[in-house]
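To start, I am sharing the structure in question, which I have written as structure tokens.
Naming follows writing order (A, B and C), and every chain is counted from residue 1.
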Amino acid sequence: MNVILKIDKITKRFGGLVAVNAVDMEIYKGEVLGLIGANGAGKTTLFNCIAGYYHAEEGKIEFEGKNITKMPSNWICHRGIARTFQLEHIFKKLTGLENVLVGAFCRLNSRKEALKKTYKIMELCNLTHLSDIHASSLTACDRKRLEFARALATDPKVLLIDEIVAGLTPSEVQDFIALVKKIRQKLNLTIIWVEHVMEAIMNVSDRIIVLDHGDKIAEGTTKEISTNGIVIEAYLGVKYDS
Amino acid sequence: MNVNLLAQGLVSGFSLGLVFALIATGLSLIFGIMEIVNFAHGEFLMMGMYTSYWMSILWKIDPLFSIPIAGALMFLVGVINHKLIIRRIIGKSMLSQILTTFGLQILLASLAQFFFTSDYRLITDKILDGRIQIGSIYISTAQVVTGIISAILCISIYLLMSKTEIGKALQATAEDRDAAALVGIDCEKMFSLAWGISGACAGIAGAALSNIFYIYPTVGSAFSLTVFVAVALGGFGSVSGAIFGGIIIGIVQTLGGLIFPTAYKMVVVYSVYFIILMIKPQGLFGRY
Amino acid sequence: MNKSFTELTHSTINNNNILKVAICVAFLIALPVFIKNAFLLHMVILVFIYGILGLSWNLIGGYTGQVSFMQAIFFGIGAYTSSVLWTKFGVSPWVGIFVGACIAVIISIFIGILVFRLKGHYFAIATLALGEIIITLVRRWDFIGGATGLYIPMEEEGLINFQFHNSKIGYYYVSFGLFIFAVLLSYTINNSKLGYYFKAIKENDVAARSLGIDVTRNKLFAFALSASIAALAGTFYAQYTLYIDPESVLSITISLQVCFIVILGGVGTITGPIIGAAVLIVLQQFVSAYFGGSRAIHLIIYGGSIILLQVFEPDGLVAIYKKLYKKVMKI
């Protein structure tokens, strides 16, 4: 199993608050890694460090062997790491098609090629019926799927998913889980998924890492994590029945 | 450039700066509450100046006493402006809002030209005549009094915002309209109040300045950009920022005019503005 | 459930639209043949000039969402560059127009690097301040005419000299040519990767970055494009009026008018700036004719209409047209 993304003692502070404290992680190519923890544990901050929105004060992030710690976010996308956002960042005044098209232009210059790619992605995600609708008119679930598809259109090797099923109905969550499984297989993606909805994480992840107050407190398979005493105390609450 | 001249410049600049601070406070308040930059703020100033002028000509009211009258009148104008126009453009794009207040600026300035002609007017018969001497520094009585009045008002508004219930309500509305509404704050009233205060600031400053400056329809523009720069420098939305920004700009403008040829004085002001913005893009005390 | 690829990518270019555009172009080409009235031709030329300016501002303000109030500065750079090169150095205006555009690009990039770190209102005010700085400096720059301005000496009429005296036809076709260029450029950008990147930046620059878009570089690009087109119009204007001064080519009034034209017609569209320019110029002439003399009334109406438009239909005339069209279609 080769390591595609290596996070080496990453520390991020905001003034006096240490949001991420010397966290180490290795992500293997092709796996789905679940990242869980209480609110404020540092999960999104870590994502922002990986994706280039924040620059960590200490530590190193290596992607496919190259140091990307201080790289700006648009370069990181070109390298092959895409992300979705916890708070919606959809292009409201553009149509569904146009949203994904912007993503497709990441690797392509011609409109024709980009449209082909856009179509392929939208078909894969079952979103073609939304192509002519302005994003502001879509339901929350559709907007999340659109943001997901848009990130996929950049042809990433690693996808960072940030609490994407938050606020969705149980059946919508199920649909999303199925979508992620399909995408993972079809596009051969490595995925890191931050989530609070345990059903989603436990069902899809190969491994799970738990953060608490900026520290990594546990790492293992879903079975190991759901029965880990420290994790239960810090976050899960009760023994989660996976 | 000797120390004397420098000191003179500082004193004059500080006095001017205090008036700028008052004008800037009104502007910053509005931005803080509803993120709208009122490009017609200079015209409110102009209206204050004309109020003072006509009070003086028609009813022999001294410009000093016109100050509260102008303040009250422009408070009303501010409220009317909110209820008639601003209320309807609140949700719209920034470009739209900017253009609306620019349109208002053009409208008010041209109305003034239509009714009052473009003649330059000056109030000659006034209490605040003459000058005071402190050491080797001369400062006109008008400058002193306008400076003091502006300072008092700026501090009052600052205290209003930070210490009173109303001030807290205004701040709450600025921070989160919906949340404020949920706790029972009447946001529309808050907006109207803010516009009223803003108008009053400009009106009072205008009446005060009518003791010193010529009055003409486009006098608003002469002050406008300078005041915007002061607000941006201090940081949009911050009352203390506006006060500091106003004072700094007043001093920079006066000193700039002394050191460089007068024609370039505004270039100095804008350049200082740029330099500070490059270091701190959100202004000295800025929230946004 | 899934659409087909062709359904998905149906283009807005269809035979209907091409026909409409072709008719308009043919009409405009033929216009001077049956309209000889110099004043009317002058109005159309003004519409072309402001149309070009509007389209140029649209690139930075409409698409990319950076509300700049210094478009007149680039207009003025074009006007002054070609005029100074001609009057002081004997360089043909046809070379001058190109140099003017290049200088506008360089200056816009320099300014952009400074101001694009500012957002929203800070950016807008910075452009205002910059505009004031530049116009103040030009007023004092005697070599290029200072406050009194520059006269471009009358030469023998002809395309070579970029001057026409007997009729407006020459000017008409040159401005029409520039106008068509601006329209084609806007159209090409609109459907290209660049255009989508501009729109993405306006919509949400955080998301844009996550999709690989270099926001600063694209903003600079938009600004430079916008500046170069405005400069072209500037050179034309200088050759058209044969006199320029800071007030006539650099003032904030012009910049504001350009913004208003675009928003009147419809921001971020191509027809918007064109319609806005046409409506504004025509209305201005009407108002001048009726209320001429007192500039104040002219401005009262102008200011009042700006307010009314923003209050009732900020999306502009194109939006009004679309709404009416929908209503009519439902009947």
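Everything below uses one rule, namely that a contact is a pair of C-beta atoms (placed from the backbone, for glycine too) under 8 Å apart; a residue touches a chain by one contact, two chains touch by 3 or more.
These numbers were taken from a predicted model, which means no experiment stands behind them.
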{"item": "Chain pair with the higher count of C-beta pairs in contact (A-C, B-C)", "value": "B-C"}
{"item": "Innermost chain by mean C-alpha position", "value": "C"}
{"item": "Chain centre separation (subunit A, subunit B; CA means) in Å", "value": "49"}
{"item": "Subunit B and subunit C, separation of their C-alpha mean positions in angstrom", "value": "33"}
{"item": "Subunit A and subunit C, separation of their C-alpha mean positions in angstrom", "value": "43"}
{"item": "Touching residues on subunit A, where the partner in the complex is subunit C", "value": "51-53, 72-74, 77-78, 82-83, 85, 89-94, 97-98, 101-103, 105-111, 114-116, 118-119, 122-123, 126, 128-129, 131, 147, 150-151, 154"}
{"item": "Residue ranges of subunit C in contact with subunit A within the complex", "value": "1-3, 5, 8-9, 191-193, 196-197, 199-200, 203-204, 206-215"}
{"item": "For the subunit B and subunit C complex, residues of the former touching the latter", "value": "31, 35, 37, 85, 88-89, 92-100, 102-111, 113-114, 225, 228-229, 232, 236, 263-264, 266-267, 270-271, 273-274, 277-278, 281-283, 288"}
{"item": "For the subunit C and subunit B complex, residues of the former touching the latter", "value": "61, 67, 114, 117-122, 124-126, 128-130, 132-133, 136-137, 139-140, 256, 259-260, 263, 267, 294-300, 302-307, 310-311, 314"}
